[in-house]
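Two complexes are shown next, each including chain A; its partner changes from chain B in the first to chain C in the second.
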Partner chain A sequence: MLFLDLTVQGLVQGAIYALIALGLTLVYGLLRILHVAHAALFTLGAYLGVIVTNQTGSFALALAVAMVVVGVIGVGVYRFAYKPLLDQPPLVALIASIGLFIASEEIFRLVFGPYGLSFTDPPLQTQVEILPGIFLSHARLMVVGIAVVFLGLLGWLSASTRTGIAWRATVADPDMARSFGIDVERVRYLNFFIGSALAAAAGVMVALLNNLVEPTMGAVPAYKALAIIVLGGLGSVRGTLVASLALGVIEAFGTIYIGHLLDRDAIAFAFLIIVLMVRPQGILARG
Partner chain B sequence: MKFKLQNIAMVAGIALAAMSAPALAGSIKIGFNVPLTGFAAADGNSALVGAQLAVEQVNAAGGINGDMLELVVYDDQASPKESAPLAVKLITRDEVVAGISGSYSGATRAAATIYQEEATPYIAAYAVHPDITRAGDYVFRTSFMGEVQGRAGAKLIGAMMGLKRVVMITLNNDFGKSLAAGFKARAASFGIEIVAEYEYSIKDREFGPIVSKVRADAPEAIYASGYFFTAGPLVRQLRAAGIEAPVIGQEGYDTQKFIEIAGPAAEGVIITTSLDRDSSDPVTQAFIAGFEAKAGYPADMVGASAHTAVLVMAEALRAAGGGGKAALRDAIAATSLDASTGHISFNGLGEVRKDVQVQIVKDGNWRHYAVISDAALLAPPEE
Partner chain C sequence: MAYEIVLLTTMSIAILFALSLNVITGFCGQVSLGHAAFFGIGAYTAALLTKAGVPLALALLPAAAMAGAVGLLVGMASLRVRHDFLAITTMGVTFLFVGFVRKQDALGGEVGISGIPQAAFGRPGLLLLAIVCTVLFVLVALHIRRSWMGFAFDSIADDEDTARILGIDVKRFKLWAFVIGTAGAGVAGGLYAHHIRFIGPDSFGFVESVTVLAMVIIGGIGSIWGVALAAGLLSVMPLWFQFVDDYKLLLYGLLIFAAMRFAPDGIAGLARRIAARIALWRLPR
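What follows is the complex of A and B.
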């Protein structure tokens, strides 16, 4: 029973990791940039979710607003921060990204205050018994629902639409894709929009689970998502999904059984090290 | 949003304070290191407001034997890398007569060593690490050590509430670990059986796995250490999972923000702390009213602790009467003062002797629950 309960808790956490890490892996796949500032967009999404819900009383509206606004800002980050640096070594873009992330934490603190924000009346808190003896709040179920719906949509988009084919072609070989008439810039904008919108959705859901949004809440996702995309085999979408869920479950059990030796983050990185020793190319990537 | 203007005003204020290097005639300068940016900025803001309020109150009542008290404020980001050079700067450049820490343990420890080397008195307002006062005889602390508060927690649960099967959820930093050590040291003597202990890191906000395990453990009470930003989500998640055992926390919970985050789940949470909201003591009452007016949010433990530290320093300055730093140190050591966190005196190590206040959340506010004034139980270490 406890075993099942911990597995479920781990999968919920894994779903959040997946929403965050997917945008990161998409950016890496396309541009070979480690987009650390992605976590700042996650935080911004969380703030927008809380503020819009508190102002309008509609959580659905807040989720939509957060995803669209953060999606657009994500496109802006590409246009104004990364695009001018594309002909520089990837390290330059990485440093710009880290700078952007650090600056964003202080901007959030100055604009929204140091104490963080909470929902005045947090929605979706009722408990449902999903399996005998295992209770999940509607909020947790919604985390899983949102992850499945959006990631499913993304899978369909990339497999079955012209846009998706253009996308995959651009990832595989941008120059070749361009010579076949694909608008590579459009693909990149779309990529940043979708990745950032998913991060915003993750931010809103984390805000809902914790009822607390803080300026520094992006700090852990910023490096844990990096660990996840490395685990998944850099740039592999399917690998990222598997790595996210696996990490969620391992952290859940680790917290209980070896928590007095290693904290949650240490467990995550120990797992990363062990996997890389066995499979240096990542969980799913082909050697 | 409502903090925005305040923050700008605060930054402007610090800039002005930093520029006013040449001292006004008839002013006594005290150094104050406090985290105003970074992860501890929320506590830093409360500490600053509490300290400024105390300075205003002292000056309004005629200052120190006619001289005005002046706070020289620097942002240490709760980091020893910042606080150590700031301590040097405060002592040598700003020529403060003494210092107060409105910061966390790491930053306070680093600064304490320098204050001791420079033979300048230093009071830690709310940092918990045991080594701070061990820096030497110029360093004092006006808040409880973690161990002391942990012992009070054991008495509260085992003897006063009569609950015996306890699960501990421990924050794995110096604050949480020292609380846990104090709690465990006295648990058995109050008949408490510790069923299990789980640890978490200060970055955790998601406690799903721990909550599942605690439900399986079915304890009579939960002793959970943490700060409002970890305890708020934790208590919320415990209650959401249908766990109804009382949650006993400590001064890290002690702000209105905890109640805001945990919402209805906060009701009935009991903590050991320094500030009694329902105190009839005029100093405490004046602090509570003054703090809320100045800060725009209700008083908290950090604000009260910084306020207390400044009042202790002011009283000692009065008693020492310009007799130099060694006389000031002796005056602090001889303190016997009613401040906003109760009656303050120090032991030989410079650790505070005062009662532990027990507060409970009732109708969305912190309220009086009990006082623990067991001098033997609460005796801080002497060396």
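What follows is the complex of A and C.
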């Protein structure tokens, strides 16, 4: 029973990781930038989610507002932070991104206060029995639902629309794509919008699961998501999905069985290092 | 006077720490996001030894050896993964180190180690020791730059595959870079433990790894003087920013961002460009 329970918990956690890491993978695939500040957008999404829910009482509205606003801010981050650095070595963008992340944690603390916010009346807390003996709250089910719906949409978008084709062409070879008349800039803006909106959705859901948002809540996902996209083979969407779910489950089991030796984050990174030593190109690398 | 001594010790340790990373990342081109782990290994080793009665100057040697030995292991990982993969692997090393220390009662677990003895001759003695170590390391770094090893590092940083074709033993030199760099960090860590006289797992996390990398990048990757200057300035900056207490991390983050945005090649690059501008201006027209 414990086995099944841990697997389910791990998969829910994995679904959250997937939502966060996907935006990061999209950015990496397109620009080869390790976008640490992505986690700041995740935190911002969480704050917006709680504030709008508390003001209006509608969780769905809060989710939508958080995704759109954060999506637009994500585009701004690309325009003003990364675009001027595109012809520099990738390390420069990485450090710039870390600087942004440190600064934004402080902005959250100054604007929203150091103690965090919670829902005055947390929605979706009813427990449901999904398998005999295994209970999940509506909120957890919704996390999985949101991950499946958005990732499905994303898959459909990239596989069978003109926008998706332009996107894949730009990932494969930006110069060639440009010479075929694709507006590469527009693809990048769209990319940041979608990636950031997904991070916001993840933020809102994490806020709901913990019923708490704090300025530093982005720290752990920032590093975990980097580990996940590397595990998945950097820039591979399918690999990211597999790695997210695998990491969620491994952490769930690891904290129970080897928790006395290593803490949760260390288990995640031990797994990362072991996998990379065996398969230096990640779990599912392209080519 | 006491305040100046603390300030100078902080700067000296930071300079040694940043220069040690500069050997790995600057000279040899291997990005490391986990350098604080080696700083931590040195700190714990030295602290345990001096608490057992070994004098600090002697305890720094095993601290360097221990950090260098683990550095050799991580260096072996760098033979397997490259670029961004290496960056994330080394980041994992930090989390492994912190996660491991947290759970070991012998290392003080969550609480850390306190009551670390003072260095001989107190704070001035520690400052002197720190300066000696830093100067020694600067000399080592200068020597590497002028030697065949520096040339090999350069070629690896530039293009590993070409270096291999030219007959440079890439593996051996990468491992050397990691061992020298991490041993330097171990010494810096040992000094730090006796400077603060309390260490815990939180002193050696990812933020510290990033901070030291930021010092190297802002100084101008590979430049000894640029990195030393940046490390000296950035290490005491939080103290200078005390007057804006609440905003100091915000300023710090924005400063790192602005440095990358407007001077991506760091202080050294900025100095080079200004020098070139002056030279141009002096040309007869």
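Just so it is clear, the second predicted complex is superposed on the first by the 285 of 287 C-alpha atoms of A that agree within 3 Å, B and C clash if a C-alpha of one lies under 4 Å from a C-alpha of the other, contacts with A are read in each partner's own complex, and residues count from 1 in each chain.
As a convention for this text, contacts are C-beta pairs under 8 Å (C-beta built on N, C-alpha and C of every residue); 3 or more make two chains touch, one makes a residue touch a chain.
Not measured: the values here are computed from a predicted model.
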Which partner chains sit in contact with A:145 here, chain B, chain C, both or neither? Use first/second/both/neither. neither
Tell me the contact category for A:251 with respect to chain B and chain C: first, second, both or neither. first
After the superposition on A, what does A:260 contact: first (chain B), second (chain C), both or neither? both
Report for A:88: first if it touches chain B alone, second if chain C alone, otherwise both or neither. second
Contact-wise, after the overlay, does A:99 reach chain B, chain C, both or neither (first, second, both, neither)? second
Between chain B (first) and chain C (second), which, if any, makes contact with A:110: first, second, both or neither? both
According to the stated criteria, A:276 is in contact with first (chain B), second (chain C), both, or neither; which is it? second
Between chain B (first) and chain C (second), which, if any, makes contact with A:76: first, second, both or neither? neither
Considering only the contact definition stated at the top, list the common interface residues of chain A for chain B and chain C. 106, 110, 260, 263-265
Which residues of chain A touch chain C once you look at their complex with the stated criterion? 28, 32, 34, 81, 84-85, 88, 90-96, 98-107, 110, 223, 226-227, 230, 234, 260-270, 272-273, 276-277, 280-282
In the complex with chain B, residue positions of chain A that touch it: 1-2, 5-6, 9-10, 12-13, 106, 109-116, 118, 122, 125, 127, 135, 137, 140, 206, 209-212, 214-217, 219-220, 251-253, 255-256, 259-260, 263-265
Can you list the residues on chain B that touch chain A in the complex? 1-4, 7-8, 37, 39, 41-42, 44-45, 172, 197-201, 203-206, 208-213, 215-216, 229, 232-233, 236-237, 240-242, 257, 260-263
Which residues of chain C touch chain A in the complex? 31, 77, 80-85, 87-89, 91-93, 95-96, 98-100, 102-103, 206, 210, 213-214, 217-218, 221, 246-247, 249-250, 252-261, 264
